[in-house]
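There are two complexes below, and they share chain A, which is joined by chain B in the first and by chain C in the second.
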Partner chain A sequence: MKSEHSHHTDHNLDERFVFSDGVRKTIFIILGLGVVFFAIGIAMLALGGSGHDAHALAFSGGESGSVDSGHHGYHWTNRLVVNFWHNNIYFVGITIVGVFFVALQYAAHAGWGVLVKRIPEAFGGFLPIIGGLILLVFVVDAFVGNHVLFHWVDPSLYIENTPNYDPIIAGKQAFLNTPFFIIRMLLFLGGWYAFYLAIRKNSLLEDLEKHTTSKYFWKIKTISTLFIIFFALSSSMSAWDWVLSIDTHWFSTMFGWYVFASWFVTGAATITLGVIFLKEMGYLKSVTESHLHDLGKFVFAFSVFWTYIWFSQFLLIYYANIPEETAYYLERLSSDYYSKFFFVNIFLNFFFPFLSLMTRDAKRKVGILKFVCMVVMFGHWLDFYLMITPGTLKENGGFGFLEIGLAMIYLALFTFVVAKNLAKSPLIAKNHPMLEESLNHHI
Partner chain B sequence: MQVISTVREPLITGGKTIKDVTEDICKQVEGAPSKSWIAAFGLSFLLLAVGGAFLGDLFWTGIGRWGLNKTVNWAWDITNFVWWVGIGHAGTLISAVLLLFRQKWRTSINRAAEAMTIFAVFCAGSFILMHVGRTWLAYWCLPLPNTYGSLWVNFNSPLVWDVFAISTYLSVSLVFWFIGLIPDLATIRDRATGAVSRFIYGMLSLGWDGSTKSWMHYEAVSLVLAGLSTPLVLSVHTIVSMDFATSVIPGWHTTIFPPYFVAGAIFSGFAMVLTLMLVVRKVYKLEDYVTMEHIEMMNIIIIVTGSIVGIAYTTEFFIAWYSQVPYEQYAFLNRMTGPYWWAYWAMMTCNVISPQLFWFKKIRTSLMMTFVLSIVVNIGMWFERFVIIVTSLHRDYLPSSWVMFSPTLWDIMCYAFSFGLFFTFFFLFAKYFPVINMAEVKAVWKDSNPKVYKARRTISNDWIPENERVEEVVH
Partner chain C sequence: METNKHFLVGVFNDQDDLLHAVEHIRHKGVKIHEVYTPYPIHTLEHVLGYKRSWMPKAAFMFGALGTTCAITMQSWMLGYDWPMIIGGKSFIAIPDFVPVTFETTVLFAAFGMSFTFFVSQGLGLFKVPRIFDIRATDDKLVMAIDLGKNKLAEADIKAILSESHADEIYRKDFTDAENNPTFMGYLIDLFNNGVTVSGRKLIR
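Moving on, here comes the complex of A and B:
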């Protein structure tokens, strides 16, 4: 009678995820395959047989990046750097959306998701690693490398009366300069991590209580609200910094929300997949079709939201037809290489999830949901590819072993860290005041 | 079975029974009009009539009566149009979007909010009809068979998209609102003692018999209409924003416009719902249905949407600088520091700064502060549209065309006319229709009645934490 919840129900509220050898093996297989693909990709590029000779030939003389022509020349390592950056941005999005999703549940007083909240919560554990990688790749490229990612780090652009002087970029110097950029990067990543730690700490403290309590609920709600305010500002600004400034001349007020939409829907798909995989391993027995239905709705609704943002941005730029703005889309649409990605992007991220998750049944069937979520994750990975690659690699962009291999390595790394984090705490927040609502959730 | 956590506030207070719900809401419809109602309605009607006289003169003489000029060719007309259509977002948002988000507190406010939406869209539409100049030819906006010569609408124009967006929105909202009214109208019909009211409410309730089959059809239609309304409500203000954003005018052409206009519309819509509901709940003594919890929820939506709008303003400002396009930079700097600085700062103060006061629980649970701030928000949202429209237009590319806009009496009186129109309809609605959706409130009644609530809790788990036991009794 006293403190046992599970005693009254059939639910196993004390279950813990065991990071078993089987799971580790699967992750290591993905990692191993990724490494092999990555190595093949590098070997093919280094030996000059990347299959993109046509592109490479167009940039004659760019094969070995000398100090002088630095960021203008194409060297195969450019593609490597861009690949790292692409995966950094994609995975930091999934990671922070995990934390954001938990914060949203608290701020919105949502009860249905209590049973699954430990999964997105565990994503946050990847923040130090992905944050470190972001900082590392930026620093390497800006200080040691070829200035592949951000054209604006090149100091020669700011010296007046020299051939390299770019008055537009020079005008942006107050914002786009390396020290300030790094300060902002540390602020955003550090802030996100601090909020994650605060939410996580209180969430775990709640588990230690003897019975249901609302003490930590209100505390986490306050932290979550503060995090949402911080994230509302920092998500847009980080998108300007890390993605928008790649096409340094170009600008679009929508861009911050566009990146957020892409991150959010990817995060929702990843959370859904996480829940499904755990269920398939025999955990989360109390999670029913109703919970999956709600997660599926998130994937569906935010696929539509992403499309809305995508379409609004595209239509307005297309319609007004101002050269400063259309440059971005011309770079993609009039490229023989990128234009196909442009249409695949819309198909995978709008038509496919929209049509396949339209019905109620589709959102309640594990098989369909699993497949759609994987497609959405891949689709938005391509979306970021399309945001990052054309501006950095121009027509030298490629898609092959290197891209797939590195993405698999990141995926394995992400899964490993998140699984490890997940195993550290009980799978269900048994003292959450809304747990009963989640256990009895029927829609 | 559904469980309601203790961290949730009850939706209805005062230990109301199902019978009380019917009684409390129907009695306002059944009673004779009060003196205060007659006075308020008379005043609205007077405003409608006086404004209507000026409007008649505008139709007779032409829109030269307004203060428009060659440079500022849109001003109060379109400002008022966008303002009203923005207000007309809350109802459908509450009924459809909050339904999708399973926000049960919507049931006490959706009826009045939907009615308000429809009347606000009427007002918005009236400005569209006015600003075309020759209003009697307004049907030329429709793609009619080409028997009038070379007359055909330009489908490339967002103004035409707007005609479709708003007329579709109005039709669907109207149907949605009316379908929702049917069971309640039938309740009034069944309670009616006079032959006239029995006949009128009988006609309006379309032969509703309350059978399971009827409820089944009713639920299915509601769900379909909610599904239709959700994309519609978002599309309306998106397309309104495109009236501006597809152009190349600095200050108008910015890609963030669609979602930012939608957020602004929700912001002003909720503010208007609050202004009206705070009065209605007091006059009709509905404090147990529209509780502090409802008011706090709406205030939270106001903080969220107000902050989104604030972020959008800041983003526009920053990107204008970042773009290094001199026209963009000038347009935004001119807004803030140019001759219309006062309009800009009125907008910033009312929309971005003052709603932040709602972060304090004391303020967002104060009726007086909520009432004042809800009006402040609507003033701010009017200025937002004025700032966007007039400050962007008044500086043409040629400095020789630079002018200021000054409103004439006709500008002011046409705006007054729309208030007359809005409140005449709203007061009629408030008297002759049930202001709260009785059927839906009864449906959530079980989730909020403290007695039932406690009993239900024991079904799944009879152990109640000690620290929460006392609180339960208090509820």
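Moving on, here comes the complex of A and C:
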């Protein structure tokens, strides 16, 4: 039957995304609202104190948080720093998963996604900005600020026979020290960016050819394979560094996977939303509900995968009941404040996508898919909130205008950069050797 | 009552010919009983006009049954029948039940769906399938048209079949006994003739 449908006379292979005023306006509205919310949040914090005394008292153990942490006193700017870090981690995940998604397509010789691959490919353009923000926030907090994020940067923890000496953290010093941490950070972010540039360069060179060619396909495949190996290690290690080391005493061997799963499902939802929005604007006419179905499968499958990892981490700790391990969950479940997030998290990220995306029809209907993807994106943003906030802010964590506002600012920034990057190249890689397969994709 | 069944069988060599033939024959108003192919042909179910399978719903129901059984079983065993303190947890500790519940759900869904599939396809226990042309398991694409369910005369249907480039056309009759094969008969036949031939003529 292939000969039947392979005339692509009705496919517009040269279309380009125009970063129109309408799109810019939408992004600026999100940015504007974000800035307003953010400003309200700051004003409320700066003028009105923490405003969270109620749950501060309800927090289990009361003083226990400050006993082992040795944190400096709480100041409202702590919450600001933590918010920046939270959004940094969340958005760097979406960004790098875009590149990883493209690499996966090449390494697996997957043909169906050729029509949509320019969208995740464009995500990579956000890497320098989000990478810079990660570095900046860490450096500011470690050298100028209060050591809000990473307790272990405090040099007084490593001096023996002093009251601040922490033998457990001192034992981790060989790995967990500021210079090595920054070297790793630069290595991961730089490596990701280098791989992104290599993939992007060859992908764009392919467009300049006159005919379909497999030359660049094989080049990108080699780069992708190397990237996947690099990403397997770096995604895991960056999760230890940037998220796990917040709870310095605690450790979990599942953590790298846990963060990766959360990143990947968010990335898949973002890619799907990008494709849907472009289709709604009239682009990508050749993308059919079969492509959406496959993208929906990724969101569904990786929601289940995330749950599997999330639960595997929880169950072993719950079952074994060893104090040094349960500390992490006690901090979340024994707190009246965080325990609500804990259950909302599992509902939004497992039960909701699992039940609503289970049927074939749900994955093929734009309306349902769009709504579920938005919920999943929000759900995993909460997941990262729950990973980062309790360990850094303890009983002073909050959720309000500041959190929502800053997330909107980041979202606007991300969308702006990605849309700009997307407009730089044609929307469809017309010389890709597997384009035909994607045009005829039918499931 | 006569229960003999009469079929016209069209044999095709080429997949595209078959797909066009199906479209053409259905267009002419002839009902197709079934098409047998050695490998799955992706668009065949669409040209045959098959509706979406209800199998996923069966799978979900079996899965839900598995979940219910697992939770009931564990709660009853560990909560009521033989309560045990394990790791200081309460008797009915839901997180502990999750792995078994998960596995049971998968097991019920998988087995339930397999059995449902076999039964719905006439491959239930002690059932012997009716075989139109054994070459459909090798290299031929075989279409069966039930003469009893079509108003057109046999000669007309034959003409439509040959119009649509069938490589072979022949009539196949199943007697009452062949339409309702018994498992015992199948075993006796197996004993007499070996595995390659079943209780009826496989090749005309």
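Keep in mind that, in the parts below, the second predicted complex is superposed on the first by the 414 of 443 C-alpha atoms of A that agree within 3 Å, B and C clash if a C-alpha of one lies under 4 Å from a C-alpha of the other, contacts with A are read in each partner's own complex, and residues count from 1 in each chain.
Please note the rule applied: a residue touches a chain if its C-beta (ideal position, glycine included) is under 8 Å from a C-beta of that chain, and two chains touch if they have at least 3 such contacts.
The model shown is predicted, which means the values in this text are computed figures rather than measured ones.
After alignment on the shared chain A, the placement of chain B and chain C results in a clash. When both complexes are overlaid on chain A, the residue A:Tyr319 reaches chain B and chain C alike. Shared-chain residue A:Thr222: touches no atom of chain B or chain C. By the touch criterion stated above, A:His442 is placed in contact with chain B and with chain C alike.
Contact comparison for chain A: of chain B and chain C, B touches the greater number of residues.
Using the contact criterion defined above for the overlaid structures, shared-chain residue A:Ser156 touches neither chain B nor chain C, since it reaches no partner. Within the superposed three-chain model, A:Ser20 lies out of touch with both chain B and chain C [touch as defined at top]. In the superposed pair of complexes, A:Met358 makes contact with chain C only, with no contact to chain B. Looking at the shared chain after the overlay, A:Gln173 reaches neither chain B nor chain C. Shared-chain residue A:Asn164: touches no atom of chain B or chain C.
When the two structures are aligned on the shared chain, A:Gly111 is found in touch with chain B, with no touch to chain C. After the shared chain A is superposed, the part of chain B among 44-52, 80-88, 116-124 or 206-214 that runs into chain C is 206-214, by C-alpha clashes.
Where the contact sets of chain A with chain B and with chain C meet, they give residues 1, 315, 319-320, 442.
Partner chain A is touched in their complex by these residues of chain B: 1-8, 102, 234, 238, 242, 245-248, 253-259, 307-308, 311-312, 315-316, 319, 322-325, 457, 460-463, 465, 467-468. Listing the residues of chain A that touch chain B in their complex gives 1-2, 5, 8-9, 109, 111, 167-168, 171-172, 175, 211-214, 217-218, 229, 232-233, 236, 240, 251-257, 308-309, 312-313, 315-317, 319-320, 322, 324, 433-434, 436-437, 439-440, 442-443.
Across the interface of their complex, chain C is touched by residues 1, 3, 311, 314-315, 318-321, 358-360, 442 of chain A. On chain C, the positions that touch chain A within their shared complex are 15-16, 19, 42-43, 52, 56, 60, 87-88, 95-96, 98-99.
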